[in-house]
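Working notes, beginning with the structure itself.
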Amino acid sequence: MGQIITFGEVLMRISPKSNKKFIQSNSVEFYFGGTELNVAISIANFGGDVKHISAVSEDFIGETAISYIRKFGVDTTSITLSERPLGVYFLEVGAVMRPSAISYNRSHSAFSQIVPDKINWEEALVNGSWMHWTGITPALSQGAFDTLKAGLKLARQKGMTVSADPTYRSGLWKYGQDPKEALIELLDYSTIFIGGINEINEVLGTEFGYSNDDFLKASKQLMQTFPSIEKVFDKIRTSLNSSWHKIRARMWNGKEFRETQDLDITHIVDRIGTGDAFAAGLIYGLQQFDDYKALEFASAACALKHTYEGDVNLTTVKEVTNILGGNTTGRFVR
Amino acid sequence: MGQIITFGEVLMRISPKSNKKFIQSNSVEFYFGGTELNVAISIANFGGDVKHISAVSEDFIGETAISYIRKFGVDTTSITLSERPLGVYFLEVGAVMRPSAISYNRSHSAFSQIVPDKINWEEALVNGSWMHWTGITPALSQGAFDTLKAGLKLARQKGMTVSADPTYRSGLWKYGQDPKEALIELLDYSTIFIGGINEINEVLGTEFGYSNDDFLKASKQLMQTFPSIEKVFDKIRTSLNSSWHKIRARMWNGKEFRETQDLDITHIVDRIGTGDAFAAGLIYGLQQFDDYKALEFASAACALKHTYEGDVNLTTVKEVTNILGGNTTGRFVR
Amino acid sequence: MGQIITFGEVLMRISPKSNKKFIQSNSVEFYFGGTELNVAISIANFGGDVKHISAVSEDFIGETAISYIRKFGVDTTSITLSERPLGVYFLEVGAVMRPSAISYNRSHSAFSQIVPDKINWEEALVNGSWMHWTGITPALSQGAFDTLKAGLKLARQKGMTVSADPTYRSGLWKYGQDPKEALIELLDYSTIFIGGINEINEVLGTEFGYSNDDFLKASKQLMQTFPSIEKVFDKIRTSLNSSWHKIRARMWNGKEFRETQDLDITHIVDRIGTGDAFAAGLIYGLQQFDDYKALEFASAACALKHTYEGDVNLTTVKEVTNILGGNTTGRFVR
Amino acid sequence: MGQIITFGEVLMRISPKSNKKFIQSNSVEFYFGGTELNVAISIANFGGDVKHISAVSEDFIGETAISYIRKFGVDTTSITLSERPLGVYFLEVGAVMRPSAISYNRSHSAFSQIVPDKINWEEALVNGSWMHWTGITPALSQGAFDTLKAGLKLARQKGMTVSADPTYRSGLWKYGQDPKEALIELLDYSTIFIGGINEINEVLGTEFGYSNDDFLKASKQLMQTFPSIEKVFDKIRTSLNSSWHKIRARMWNGKEFRETQDLDITHIVDRIGTGDAFAAGLIYGLQQFDDYKALEFASAACALKHTYEGDVNLTTVKEVTNILGGNTTGRFVR
Amino acid sequence: MGQIITFGEVLMRISPKSNKKFIQSNSVEFYFGGTELNVAISIANFGGDVKHISAVSEDFIGETAISYIRKFGVDTTSITLSERPLGVYFLEVGAVMRPSAISYNRSHSAFSQIVPDKINWEEALVNGSWMHWTGITPALSQGAFDTLKAGLKLARQKGMTVSADPTYRSGLWKYGQDPKEALIELLDYSTIFIGGINEINEVLGTEFGYSNDDFLKASKQLMQTFPSIEKVFDKIRTSLNSSWHKIRARMWNGKEFRETQDLDITHIVDRIGTGDAFAAGLIYGLQQFDDYKALEFASAACALKHTYEGDVNLTTVKEVTNILGGNTTGRFVR
Amino acid sequence: MGQIITFGEVLMRISPKSNKKFIQSNSVEFYFGGTELNVAISIANFGGDVKHISAVSEDFIGETAISYIRKFGVDTTSITLSERPLGVYFLEVGAVMRPSAISYNRSHSAFSQIVPDKINWEEALVNGSWMHWTGITPALSQGAFDTLKAGLKLARQKGMTVSADPTYRSGLWKYGQDPKEALIELLDYSTIFIGGINEINEVLGTEFGYSNDDFLKASKQLMQTFPSIEKVFDKIRTSLNSSWHKIRARMWNGKEFRETQDLDITHIVDRIGTGDAFAAGLIYGLQQFDDYKALEFASAACALKHTYEGDVNLTTVKEVTNILGGNTTGRFVR
């Protein structure tokens, strides 16, 4: 099994402790994250061989970011340095009916200024067997979109598996590109689709509902439109409020539709990066297990992410399989 | 719309982090609060023009208190300085079946020594259109009672709206005044009553129960006894334990009885000042909306306060109306 | 009423704040604990006269441990000093379906090297009326087992009550002694049995189930096998996940079987030492109340421990009886 | 005495605790600063009436910045909101021979995008009697330069005093403007020059040395070139290392040359914003005292700033005059 | 050697971390102190048998204070509980030329309301061989003065040594008593005088200077006026600034005048309680060593206190004698 | 240039914040260190290719240790896992005349149980060009000594440079081996000697003094006794107290004696690991510069380490050369 490749922005997250707001704090905590990086680190925590490709600032913040990624054993040798600053986001963590709030400072960041010339994809993918992309990177800038496209093209030429998490976030996409067209172009290089009804409707221009029936129909239409796509995985979140969610997942792999049990997350610690934890669980799981076991693994990994502070999932294979074995009562591990 | 006036003690709250007790800590956090100040700051956070009148210590603690109030945009120009120290309270935050514990050091504080001469009410109320008082201030000392009375008298002469939250706390009232008589005297200056069965029974000497029926009867009798009172608003709390409450509210405005839906606060962050958040929501809401919408606004504001650390409600109109619009699932605000 | 005696290891617990893992922290908190010490401190917090006997390191960590114990008013005059380090354990606190994880560094600690000669039991028990032991101490080393046995023997000679909490932890017991035989030997000195089906099955070699019926049968058979045992107390935990448990307790005192109501611990703060809190509640309660009231007291004390950070129960008699009086809604104590 | 006006960027400073680096921290502290804001807040702490004009982000970070400024009593009513993020800088505080390190993220910030239309200078200066500018603002962007120029022009038309601190920082000035020409243009509106040999050489194209003699010659030539300039104030820093500096100051007011005694800052707490503290001391001092006393006041204020964490000088007139009175031994103030 | 007795107020000290001011903090640290308590705890840390007598609040703050004192092994059995709150003081720690600032909230505290009836002196002094008093206690209230006097009278009747540290702090003494007369009355019960020229001048009404010559004359006159006084010990502090002091000490014991070397405290950590550390060093030293060695011991103990955070001296006999042995270069202790 | 190899224990350091003692803290910070690891990380921070070989615990503490080392880019692929716990040390940081205190818990740690079979040296040294050892590792256990010897033997066979820092710490060496004999055996494999008079006297059994003359004589005798040793480097520390040291260095390389200037470290932040920083500076420097420049580089690196918290030197080549260029006044790096 070769190296798993992710490509995307590294962001510094800065947030007050517990549920405080900035206006009442003078001390804050920081983490690094970014949707594709979160996937990379989570896979590394499962024991996978992962490389994250990015551009960070050439200063002590960029160095700290690289050291943070390296700490988890992710290969950082294809990260380039830039004169521009690292992107930052500020987070105020909500509770109960108060939503969390995020403010970004990323529009002129080191990564957003990337252009295809900055990455030597031949070298970067030399050991690659799988590449994962999300809808965030192409939304950042023309250069980010072009660079990603160049990477995906080569990945497919090399016969790598390509997983897509084409999350559509309307607050981004400010540089002129049409989101739908861009995502379609990238999906043509993809073999695994991680996303739900909203993403399918976005790229197909359809109006499917959220039922399992509609999910099945939507998946089939998606696979007709994009013949390279072999499997569709979806995660369903039910939110009582900011502090209490339920998670389950479903799939269509061209042969069978399956759905997991609900996992009840009664006391959320940190909700950021839970979708990335699902994707990481799938990417790792699909290389170890059959499709349904991978779905269960991903769903449990996603649930566990809600219990870790920070953007990345610190969970291990042992913890996830413990839950899959039915042990969700949280007995001590001594 | 003119300035809203509050008058009352500023207290410094000192508490260990999270659920720790003092006996196991060496590091604590501090906030400023006080029931009327909490109302003032919450209204300022809604965008209202508010002045808080008080007396604080003439030292770096008093300066810090003033700067804390000013930070939220509350007018502090009528706060006087005193040689006596600022009142302090110590808080240990409970959890589940453990109640929070409070210990006060306020009996000889800067505010408790206030006398009517210290406040130039003519000047202080010059832009005032609304004045709010609570049952805490008259309970502190003869001087505080007299000073409040002087202010309310002038407020009514100027035709200002006067809202009363005549909370009766038996641990106070140590200076000789009979609570019932004092509250009756002050209610004669009031036009809006914020309080429930307990407060009504206290001032009327009645024994109404907690049913809606009794609330209606009690409100009517209250409005007969105090003809200046036009509306009665009540908030009902159901507590599973220290960490999990439900909130709903009801009203009688002389024409209609209305009641809001329950709001389920499954993971309380900080319970202090939630009644003040309700009063602030009402005072702001009654100036913006019809009575029932104001009640809903106040109820949602009160629920949101449970998610903010500290005594004051940091919520905004946007956050409250978001809940009123039915969004209580805590989706991110980016 | 004389002094209550406990004997066991003092451990330093080191854990990241809130639910963080070590890999994402650079700041941690420390507490001292140890199953018998937890019992001692909890009884002292109830107002009992308690002595804890142990061996700690002769350095600033050992001094800090002693000062920590002394802070709660526990008699530390029979604690001896050793050249070996204090035992340490590292804790990562889980949440929801993530279990807490513990790593011990205790196998060559000051306490594990104890031998009977180090403790002058005559002197140590001079005011003793009750001695409590658990299954942890005999599991640590031959010296710990022998020293405990010497103490228990003398305690029985002096007619002291002896309570046993023969928790069997398979990860210990590495020094060659057969756990079952060792526990049987110690139970012969015991008059009160605090433990459930698992512990009874372990020492009797039986296979009773968890029903009340089986508990009754098991208790009777236990009391036949160990005629010194007069009463059996058991605590039943139902875990939804790491953050939400229910607790109830049951007893057989040779005359009546009784069972308490469930206590619902919806937001666990710290789960460590909750069994010790139950034992402490019983030991204190049995000296103050009848058996059933003691059981209720212990059950409520155990539930309250879940709301305190650290290994020891900081609760007071007032807090426990407040719950027994039906007040579990967490109203403020001012 | 009218209002003192400052105009410039508000930056959020984020730094690890004590002398830590980011690579070894996960918790950091934040402050707000910016050279002109530092001057404003320091003057407010002296009791002056000050308005700071700026543009901040329209999010919770911008709100926090405004509340931070308001906390010190600075008038924030001319601060505008922008869709762009607030500028941020990261700081690692050095010690002894290790220099502090700074990394900026400000080039596309809310303030850098300002244009003259965004500020209604007529309204902003309505109560103004003094305006202060520095060489940082014109270095940021064409819009910042133009907006500042518009303000200074009006200030001079209104007969306001204009103080200039034309610090030249070569790392800025990236938008095309020639620094020397820009500073000359702005100095033509200025009446007080706060700066030393380096700044004079920069704008005159001269090569004066650091001696008092050269300072005098340089000042005279400066005042010939810019006839509006009436006084020149300079601060001289002697650095043993990052932790130990000496400060003294000198002046030429067209009539006399004066120099203060050295102040020995043996244990620097925070070196940021000390030049701004000097400027603030001068601006306040020149309105209260004669020129030399103002110089002494500014020099002592600057020295005191080294003892306060954060960018702004928290010192008071009482503290400064205490030092001027010869009390530098740090006796308690009770 | 019997028990050493101290009597005085327990204060809670609350201060921001490092050199921060309250206005820039939301997190603070707390310690307990009080001049006589500081002496008591320091002696306990030397291994002495000490009892501290006081009155604290009957709440969780009072409990925390008692547990804090007990932690150091000081006998707390004569501390009484009061309905009034514990005294508090707020501290902002200065640096270099910035003085530390203190604000007290103690005038109606638990201790200030003490009256002779509250303390059973017969019982309290049962094992006492030495009693220490300071000028703070008689300055607080008539009750405190009377209670102290009652204790000293009995102490002398029992033949105990009585040491006096009659520090005169003018900000206290507000209850009507003339300080000089009060101190004279108490000195009549004293055998050891710890204090310098200022204190001697205060009680004798003289105007001696600070030279050794004057110290000698002053001491002799003091011992003539108060025949019970056998020895006079003085500590001289030279302050470069808030962060850098020198300490030396001198004595007259009726036979010889001696003076110690300067100890250079180049980086002060905490200056509070350093005089109390000197007194504690003397009281312990005079019971172990000859007078001059006791003076040296006290002087070194005082110097060491400057390196410990909090009010109390955490130093040990080993650390002090290490310095006396000439090792002031701070080599590691492993 | 090949890989630099270090071999030694990884210790977890746990210490209270700033100058606090454990007895007054409940929150502590942790770092990882160990003399050889400190050398490794410092070289990695200079940009060198380094591998650290060790054995750590197979738990979350061991994982955290590995991630900590990996974070700095040190190769961790030859670190083995063990069932035994990671070694821990507790540190209380002194100040001025108070020495820092250390307490170890390492005698049965994962590393101390190492035996030669655990390390495949052929594989571990495959890219090695330099190996560094210290006197700590052979002092820990027979297994550690044997394993080190096996590695050094192979290193010399492969023609690698071997640097020795034979620090002799008498508190270790408890397993029976004679220190002198063991060090002699290891020095026979060494080519660079990093150490001073004490170490030379220890292994030669001589009594040289500290003068430059004696250093020269001692070095010559050392090189005669151990012909493999080509160069001797020594670091001289002059301590005013715990907070203020001076550092200079000297060398004899068989051809010339050279000595550096004193570096004055007026405000020490952290003194741990400063000798390791010197060794790392030398190892890096000798591969980049001539011998004297390497000595200067090492001396400046050592001085800079005193400004970084934790055991490892976070300094960079740029920072060190900045000082060598004469810039020790700590001007900002922007």
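Letters A, B, C, D, E and F mark the chains in the order given here, with residues in each chain numbered from 1 onward.
Heads up, the rule we're going with is that contacts are C-beta pairs under 8 Å (C-beta built on N, C-alpha and C of every residue); 3 or more make two chains touch, one makes a residue touch a chain.
Just so we're on the same page, UniProt names per chain: A, B, C, D, E, F = Sugar kinase.
Source: prediction; values computed, not measured.
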Exercise. Among E-F, B-D or C-F, which chain pair copies the contacts of D-F, with over half of them the same by residue number?
Worked result: E-F
Seminar exercise, completed: Taking each chain's centre as the mean of its CA atoms, the one lying farthest from the centre of subunit D is chain C
Exercise. So subunit E and subunit F: same face meeting same face, with over half the numbers shared, or different?
Worked result: different
Exercise. So how far apart, in whole Å, are subunit B and subunit C when each is placed at the average of its C-alpha atoms?
Worked result: 45
Exercise. With chain centres defined as C-alpha means, what is the inter-centre distance between subunit C and subunit E in Å?
Worked result: 42
Problem set entry | Chain centre separation in whole Å, for subunit F relative to subunit B (CA means) | 62
Seminar exercise, completed: So subunit E residues touching two or more other chains come to 18, 21, 23-27, 31, 67, 71, 101, 103-104, 267
Problem set entry | Graph class of chain-chain contacts, one of line, ring, star, complete, other | complete
Problem set entry | Residue numbers on subunit F that touch subunit A, as the complex places them | 67-68, 70-73
Problem set entry | Complex contact set, residues of subunit A against subunit C | 18, 31, 71, 263-269, 300, 303-304, 306-310, 314-315, 319, 322-323, 327-334
Problem set entry | subunit E-touching residues of subunit F, taken from the complex the two chains share | 18-21, 23-24, 94-104, 169, 171, 239-244, 267
Exercise. Can you name the residues of subunit C that touch subunit F in the complex?
Worked result: 14, 17, 21-23, 25-31, 57, 59-61, 63-64, 67, 84-86, 88, 90, 92, 101, 103-105, 107-108
Problem set entry | Sites on subunit D touched by subunit C in the complex | 24-27
